[in-house]
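Structure provided below as structure tokens; questions to follow.
Per-chain residue numbering starts at 1, and chain names A, B and C are given in the order in which the chains are listed.
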Amino acid sequence: MTEPALAVENLRLEIPTPRGVVHAVRGVSFSVMPGETFALVGESGSGKTMTCRAILKLLHPPARITGGAVRFEGRDLLRLSERELEGVRGRGIAMVFQDPMTALNPVLTIERQIGEALTDAPRDRGERRRRIVTLLRQVGIPDAERRLGAYPHQLSGGQRQRVMLAVVLARRPAVLLADEPTTALDVTIQAQILRLLASLQQQLGMALVLVTHDLGVVRQVVHRVAVMYAGQIVETAPTAELFARPRHPYTEGLIASVPSMDRSRPLVPIRGAPPDFIGLGDGCAFAPRCPLAAPECLRGEIALREVAPDRLSRCLKAEIVGARVAV
Amino acid sequence: MLRYALGRVGQMVPIALLVTVLIFLLIKLVPGDPASAILGDRATDASVAALRHQWGLDRPIWEQYAVYMRNLATGNLGQSLRYQTPVTSMLPRRTSVTFFLIVYSLLLSVLIAVPLALVAALYRNRWPDQVIRAFMALPLASPPFWIGILLLIVFALKLRWLPAEGYGEGFADHLQHLFLPALTLSYAFASVLSRNLRSSLIDVLTTTYVDFARAKGLRGRTVLFGHVLRAAMLPIVTLVGVRLSYAIGGSVVIETVFAIPGLGSWMVDSILSRDYVVVQTLTLMFALGTMLINLTTDLVYPLFDPRVRVG
Amino acid sequence: MSAGVETAAAVATLGAARPRLRLPLGIVAGGLMLLALTGATALAPVLLPTDPNAQDLNAMLQPPSAAHPFGTDNYGRDVLTRVLYGAGIDLRIGVLAVVFPFIFGSLAGAVAGYAGGWADTLVMRAVDVITAVPFMVLVIAIVAFLGPGETNILVAIGAVDWIIFARLVRGEVLREKHLEYVAALRAFGFGRGRIIFRHILPNAIAPAVTFLASDIVLVILTASALGFLGLGLRPPAPEWGLMIAEGRTFMYTAWWVATMPGFACMFAGIGFILVGDGLADLLRVRGQ
């Protein structure tokens, strides 16, 4: 049994607002093995991005972490000082962000933004340049020497994403948190970026945590999936099994609402709307929208339980879920 | 880039011409006959007639304008009746004094506003922020010349740390003498600047690229100075262009408070001694100077913001 | 955020718990300040029976005391009385001077924005030309040629200040005229004038109204600067700027003569700013 590269335990996060406290992350736990691709799936607002930011403590006030632990290389990251955390960021755990348009500083050149990420950067400027050019080539940016003096607005979205990955490569982290890395890109570019991610993983032996709401992406590249709803993980499973037979009505609904290429199934959206995070009370947060809801679903705290080997679900009716889905 | 610069200059020319028309017409506001008004007690029928002829006041108005423009073009800016010297001989020295004062005050404004805005942004909505914002809001309501007098009383008269007036000799002396006036002028601009910078900093602090910079594992200080400040400073350049007009206007009054021999105090002197020609010329100088500085800030801005550069 | 709300917020956080008000704290605080000032000014003849110009050569340059809370000046005149009467003058000038700029500027801006074409070019060229000269310099120059006095100050400020309102309203009208309801009105055959005045202008005028308070402060500061330079009202009028100028001669020995009027001016300024910013917040919230 190898050690997980990263283990999140019971993470809790809240955001005080004038209207009340928003419990954005309510007891999230998962672990990722070295070399594994793990996906956090959910709608916007499910808490998946917040979870990633919390891992590296990159939250903006007034959001704050109120509980839990993040275990990496034998330490709890949440207990580290800012100084110690700076040592972990980038080198141990790296993060790339969703919108390449806004993720690079518009007034600094590409060379500068990659250069500052180089570990043990050589003193000689020429040598540094060569390293950066090599990195750019590795992430598939053509004509790398000429791009050094470019500014982000002069590159395409796909190229900016590649630059971000070049920064990651420069640091050689053990874990990469990728927040919707393909959402803002064209479909054709998406595939290229995913391939690039896969090859980086292989090169570095990196664990990859992929945050996405795109099930198509999940199906292609991910080993294990955790589905999030209203700040909690509601189901965890290996990818193929999740799609073959979901064990939570929300997962089932998600899969059913994705158009399938052969038009064999009708498009069925999930009825209702995501919950208001302020008034969350007892019971299952999905119950108001759930076709299987029963009185016991509205009471008490419902825990994640193992419903099959390597499969967890937060649904009291997990056994009967998915029996009707034929994929 | 060159094309853009030429374009901007081209835009400026017609406005500059219209400004000369405006200023030319201003002197017509003088009730009664300007020539006798200027000569005042020294007026005789003959001298009034001579002056009127010299300015072409007996000719139609567009001819007067032509005379006026020709005078300007040939560098004949008139004679200061008060000082009995040509305007052109006094102009360079006086301009350099005012220029020194304004640049000094802009620098002080930036030196004051940047740290305050930084603290306010980093401690957003907590007490340091509230105190800084309240303090910086005061000058918007107070007469700048009064603030100058307060500073004068405290620092020059009571504490005797700084000279109370004048310009001094030599660069270091200038710095000393102009400190209080520049400080007075800078307070108002620093107020606007710090408020603007604080907004800009708060915006930048919450951007994704700052998050990404931190996610790279960069030291906090590196992120702050290398990324945050670099991006948040842009508004300073535009703001200087916008607020410059008020700064120059303020300098006229401040020069009077601190008896500084610049363009502003010259203008006030000339007004009080009814030296209308000089007033007219100085107004024109102020206008042209403002337009030039606006042009410069427009052209300089792309140096700071690569997104705006052409080609 | 704006100056006044920040000041109000600072005051609020430094103080005790505040009651839940329907209006923003800024408007209430500012309104109270202005009310106090105008009340004191209006009641001055009753509360302080001394004539502001009454000289008492036995009590020259007295420091603040019970008899003279703000001290006396070089003619033995009571500074407090003069400051209060001065409030009447400066507040009056402040309010009067913005009337023409507000009305004319808003109209010019509305017509320029809606009609476009040569009307727009005309107005905007005028704005550009006037903007080219620094505000204070142009006002001073106009007063220089017209001569000192209250009327001339009003004329000079009016001639220059309108451009701010013109720009504001023009921007709003440009935005409004592309909205759907305007197209609908035109399809119904409503005349341009009616569209501008009855429909667009009420919607477009909000930023101009909120700016009014700041403009009054700008005008008061300008008028007192003119007074300070000797281009405003003539002595012995108790105008604040003039008083500060007069007091400047004695600032080493009798600092109160030059400083008290300034405090009053600052007080009035903060009051107006608070009201203006509070109004801005109110209108902004309502608009949403």
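In this section, contacts are C-beta pairs under 8 Å (C-beta built on N, C-alpha and C of every residue); 3 or more make two chains touch, one makes a residue touch a chain.
Quick caveat, the model's predicted, so the values are computed rather than measured.
Chemist: For the chain pair with the highest number of C-beta contact pairs, give its two chain identifiers.
Modeler: Highest contact count belongs to chains B-C.
Chemist: By CA centroid distance, what chain is farthest from chain C?
Modeler: Taking each chain's C-alpha mean as its centre, the farthest from chain C is A.
Chemist: So, what's the distance in Å between the C-alpha centres of chain B and chain A?
Modeler: 53
Chemist: What whole-Å value do you get for the distance between chain B and chain C if each is reduced to the mean of its CA atoms?
Modeler: 22
Chemist: Could you work out how far the Cα centre of chain A sits from that of chain C, in whole Å?
Modeler: 55
Chemist: Of all residues in chain B, which touch chain A in the complex?
Modeler: So the residues of chain B touching chain A come out as 124, 205-220, 222, 226-227, 230-231, 234, 304-307.
Chemist: Write out the stretch or stretches of chain B touching chain C in their complex.
Modeler: 15-16, 18-19, 22-23, 26-27, 29-31, 127, 130-131, 133-134, 136-138, 140-147, 149-150, 152-153, 157, 191, 195, 244-246, 248-250, 252-253, 256-257, 267-268, 271-272, 276, 279-280, 283, 286-287, 290-291
Chemist: Considering the complex alone, what residue numbers of chain C touch chain B?
Modeler: 1, 3-4, 6-7, 9-11, 13-14, 125, 128-138, 140-142, 144-147, 217, 221, 224-225, 228-231, 240-241, 244, 248, 251-252, 255, 258-259, 261-262, 265-266, 268-270, 272-273
Chemist: Can you check the complex and tell me which residues of chain A touch chain B?
Modeler: Residues of chain A touching chain B: 53, 56, 58, 60-61, 82, 86-91, 94-99, 102-108, 116-117, 151, 153, 164, 167, 171.
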